[in-house]
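Order of writing sets the labels: A, B, C and D. Residues in every chain begin at 1.
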Amino acid sequence: MIYFRSDYSQGAHPKVLEALTKTNYEHTDGYGLDEHCFNAASMIKDLIGVSDCEVHMMIGGTPCNVTVIAASLRPYESVIALKTGHAYFHETGGVEATGHRVIAMEGVNGKLNPEIIDKALEEFEDEHTPLPKMVYISQPTEIGSVYSKAELTAISEKCKEKNLLLYVDGARLGAALTCKANDLSIKELASLVDAFYIGGTKNGALFGEALVIKNKEMNDHFRWMIKRQNGMLAKGRLIGVQFETLLDGGEESIYFEMARHANDLAEKLRVGLGEMGVEFYSDSPTNQIFPVLPTKVVEELEKEFFFYRWAPEKDGMTPIRLVTGWGTEESDVDALMEKVRAIYG
Amino acid sequence: MIYFRSDYSQGAHPKVLEALTKTNYEHTDGYGLDEHCFNAASMIKDLIGVSDCEVHMMIGGTPCNVTVIAASLRPYESVIALKTGHAYFHETGGVEATGHRVIAMEGVNGKLNPEIIDKALEEFEDEHTPLPKMVYISQPTEIGSVYSKAELTAISEKCKEKNLLLYVDGARLGAALTCKANDLSIKELASLVDAFYIGGTKNGALFGEALVIKNKEMNDHFRWMIKRQNGMLAKGRLIGVQFETLLDGGEESIYFEMARHANDLAEKLRVGLGEMGVEFYSDSPTNQIFPVLPTKVVEELEKEFFFYRWAPEKDGMTPIRLVTGWGTEESDVDALMEKVRAIYG
Amino acid sequence: MIYFRSDYSQGAHPKVLEALTKTNYEHTDGYGLDEHCFNAASMIKDLIGVSDCEVHMMIGGTPCNVTVIAASLRPYESVIALKTGHAYFHETGGVEATGHRVIAMEGVNGKLNPEIIDKALEEFEDEHTPLPKMVYISQPTEIGSVYSKAELTAISEKCKEKNLLLYVDGARLGAALTCKANDLSIKELASLVDAFYIGGTKNGALFGEALVIKNKEMNDHFRWMIKRQNGMLAKGRLIGVQFETLLDGGEESIYFEMARHANDLAEKLRVGLGEMGVEFYSDSPTNQIFPVLPTKVVEELEKEFFFYRWAPEKDGMTPIRLVTGWGTEESDVDALMEKVRAIYG
Amino acid sequence: MIYFRSDYSQGAHPKVLEALTKTNYEHTDGYGLDEHCFNAASMIKDLIGVSDCEVHMMIGGTPCNVTVIAASLRPYESVIALKTGHAYFHETGGVEATGHRVIAMEGVNGKLNPEIIDKALEEFEDEHTPLPKMVYISQPTEIGSVYSKAELTAISEKCKEKNLLLYVDGARLGAALTCKANDLSIKELASLVDAFYIGGTKNGALFGEALVIKNKEMNDHFRWMIKRQNGMLAKGRLIGVQFETLLDGGEESIYFEMARHANDLAEKLRVGLGEMGVEFYSDSPTNQIFPVLPTKVVEELEKEFFFYRWAPEKDGMTPIRLVTGWGTEESDVDALMEKVRAIYG
């Protein structure tokens, strides 16, 4: 079985394991208060060009999202997101578990924009409704699209105008930063938001995300919040060691290299399938693509490949999700295209 | 600096890292739905002699405690614990974050007993008080003591009589099971409780705890709860792989070997310090001991050793906590004793 | 200023005040455990034709909704409602404050139906999404429409098929029961749902709603939940006394008389405005109507009448909400129609 | 049966009912945004000598306590209270339902003091514990004692020193203000705290408490919080009308008159029983007294009088609670004393 199911189906880049092995016998203080975490934080501040911020080594994406939201909002406040947003759609109500509503809006190609924000604000305006206070988006989005510099700037300006916090879920941030369509550097992204995270789990770490918080109020007693929300790892250094390794070399690091690799293979798939006349569920330049195939083709593919069906069948066609990762081989991609070609041909 | 600060200051037993490296390139399904987790669960069922239960691979102790409690209680229900209990004292109100009170009682040598349960029930008895529904204890306790078979049986019977659930936090379960004072096997423990966990983090894993739930109602949709409470790991297999390794060989496995090692070194410290006339804050036969030393001795020790002061100074004496772990060397113990002897002498 | 702003802008039916005055010096037990509450509950069981249920005297509609939902759902479960539903739209996230998501769907003329339920179930189906467990609807709806017997039956059957609880917010239940379009008796309604409430606040009580729970599990320790959710009134008897008075005489009681009065005046408005060519935002046969008027007409009306603008202006037209109540006078209605006629004429 | 069970067993002072009747047909805006509420707030500002504060008309004591605490604390923060404190002991975990711990300390004659605050701060000091941020006390306390001016000043200063908010539950504030032992005026009390409430329910209102918040941050968007926590009354004016009536005349109003009446009758009981040699469970100068009587005497009394047993029997003696209220008659008190005398004699 060849996996296109997710970018977290394998372990970690071998250098990550090497680093964990190399540092294994060190004694350090727990809970992320160690030199590896401090060093990784420092490297990240350099990478994003922001010195006046805090970087927290988080255990996963859901803990990041939920903890940031719970730490930032007063009890009656809510967060504006898209229906497809991870914090709304794929976290079993983790945000609501902290007492806050996620206002779920319809997006455009998986993306939110200032008009959608205005619409949400109009609907939730008085003391009988939960007050919108934060905008949550993902870069890239859950359907692989990316916000351009202009788009993120427009959202950022709308947030400032409306006194909303802006938080970016970067579970697959590497994929956005390294895709051909991207015109938004990590420094620019950092300058436009209140907080965001650099995802490790989906780009070659065993686990772990580096959460950057620029906004002082959001960061107040944030470590208390991490602990309260079950997100504090005893051996926190494990995340520090991993990010030290992933980001060693900055934009030349394996973090960027792995993301580029995954994007390139997805691009090969996209172009190849496109040439066969396949259409796509979304316009994605990153490592997740969503070809819409005849259901019988999908059924054939499922015999040799492992992937998700993304949406229900419609008119005999089924959208599927193909994800490439740091460990995907070019031969995997070739095998899939050959198979599709054989069926179509 | 020699560390007696915690049993989670180093990485993992080398065999754990080897296993992670060996399985690194496997593709598996995410979130703990993989063969390693299934296999580890099966090994644990054999070890505890219970086939009709569920075993969940959890990311850490606090997520275990909070998720079990939140999953088991109706909103108006509460949990009886000790003031020293981890779920009360060291989780930043994680339980309260899910809406439940921890009723914090005074214990005896760190232990709860049926009389304490009765007292709690008397105090919280009508519709104006949160109804006690669960008893939370730790084996060994936070001050190193262990429940005997008779003691746990008495608690278990009281819980059945009063329709209370019994949950045991086994963050250091290995230390209890392998200490000389212990007369309670893991099979017996499993037979007496509704749920408990076998701690990995504090006994040679990078992270991870194996949560055993026997009670069907507590286990209903438990995976939804793990996700909701931020405790679901994308690469869940990492925990499965670790427990496969830790428990390979059952009671002859490195899990028991490491715990025994830590206990033995703590015992050496305890006997050695005792012979010098040192008294202890608690009666602990496990890998945490709490000598009460003149504060000036403590200050001297702090120059070469890293440990916690456990309680405020009183009459010139300060209780400290010394913890041994799987990676503690006998020479570390000798060095500390020599130092104390030199000061005392 | 003439009020068409709400049906809770005045105090109570004079008989309610008389009853409160008459019983004022009685000493009773607190918290709703008194003969008046017991008697009112008994009267309600007779009225709805269900003896095997519990009736709780609740302080208001939001406490009813939030407490029922919080008491009925396990933490990971959610409730399906409409975007216009009170529990979603007008309770400042009270449901989310208890940790649960309200899945907000688009309705048809303010009403939910089995297809909408199916759609919600499809979208929230696995362990990464909050599990739908309850359907929340209002009778009449927030835009004045009513569910027919066939419609409620279809929803009820869908709920049984999908193992969902069905709860009906009856804040204005009197208006539904007494409107001309209604074909659903209170006995039939009671037979189709797990729980519902009979609203007092919006039909002539000072405050108070009578919550009927048929489902045994939902009712388990429900009084603990009322207290926990801040809804228990010390002098609970006040609600009992009011419902004794409101419902004295069953379907001939002032409860039905007042609702009929309000409906009749709304009907007069609806017919009168309709004859002038006015169109309506919703199809409402009850005491709330939503004429769509030229904004300049609305501005003129606002000089003499007090009401809500219901939705933003569109093409020069603004939908407003006119509500009649137990205390609305026929002359108020005539005045408004005369004014509109004068402007239009 | 003669009631000494509570001070909320009857309805309201007749003037309250008169005022409700007199204003019954007025149309007002809902949710406490009406002239009666505004006027009552203004009267209260005069009474307490603070113009720069907000006064909210609340539905009951538990909603007051829970909403203030939830509005004031960030998620990881906790409140220091006594084990006997209403917010800990008698609200079914309402505070925990909002995610916060109540740290329950032992008091001295029902009272908290600076040393107890220090002790709580020592125990909850780092990021693994919920950070204490508020002190909750009641005036008078749940066992009838009152804080002196010096005592409240000391607590207030400790709170300022430690950056803690100070909130006073005034469910029976009238009883404290009018008792002979009191040396703390309402103006002084107001000057020493961040927030407090003036209880109506237990002193002659049908229901309702007037919550005073001086602290700007605590008051931010407080009405959103009231609604979110189920505490907003549609006909909010009912509370405004009641407080207008209760406080008409300031310290000469029926509010003070009723409290004095209740205190006087309790004093008569206390002195009378004391002369018979009866001892008391607490030192209470207010309208709740706690005589400790032989259990057989208690049993005899229970045949004619209705009251609570306060604590379990010990050595044949049982503490009971006798509460007098605005409606208690002197003959009730005489009857009870006569009965005790008859049994004792």
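Rule of thumb we're sticking to: contacts are C-beta pairs under 8 Å (C-beta built on N, C-alpha and C of every residue); 3 or more make two chains touch, one makes a residue touch a chain.
In this text the structure is predicted, and so the values were computed from the model without any measurement.
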item: Shared chain contacts [chain C and chain D, defined touch]; value: A, B
item: Distance-maximising chain from chain C - centres being C-alpha averages; value: B
item: Chain pair, A-C or A-B, that carries the greater number of C-beta contacts; value: A-B
item: CA centroid of chain A to CA centroid of chain C, Å; value: 42
item: Euclidean distance of C-alpha centroids - chain B vs chain C, Å; value: 51
item: Chain centre separation (chain A, chain B; CA means) in Å; value: 34
item: Sequence positions of chain C contacting 2 or more other chains; value: 75-76, 91-93, 97-99, 127-128, 130, 224, 227-228
item: Touch list for chain A against partner chain D, complex; value: 31, 70-71, 74-76, 98-99, 127-128, 130-131, 220-221, 223-225, 227-228
item: Chain A - residues contacting chain C, complex; value: 75-76, 78, 89-93, 96-102, 104, 122, 127-130, 312
item: For the chain C and chain D complex, residues of the former touching the latter; value: 1, 3, 5-6, 8-12, 14, 17, 20-21, 23-30, 59-63, 66-67, 91-94, 97-98, 201-202, 206-207, 224, 227-235, 238, 306, 327
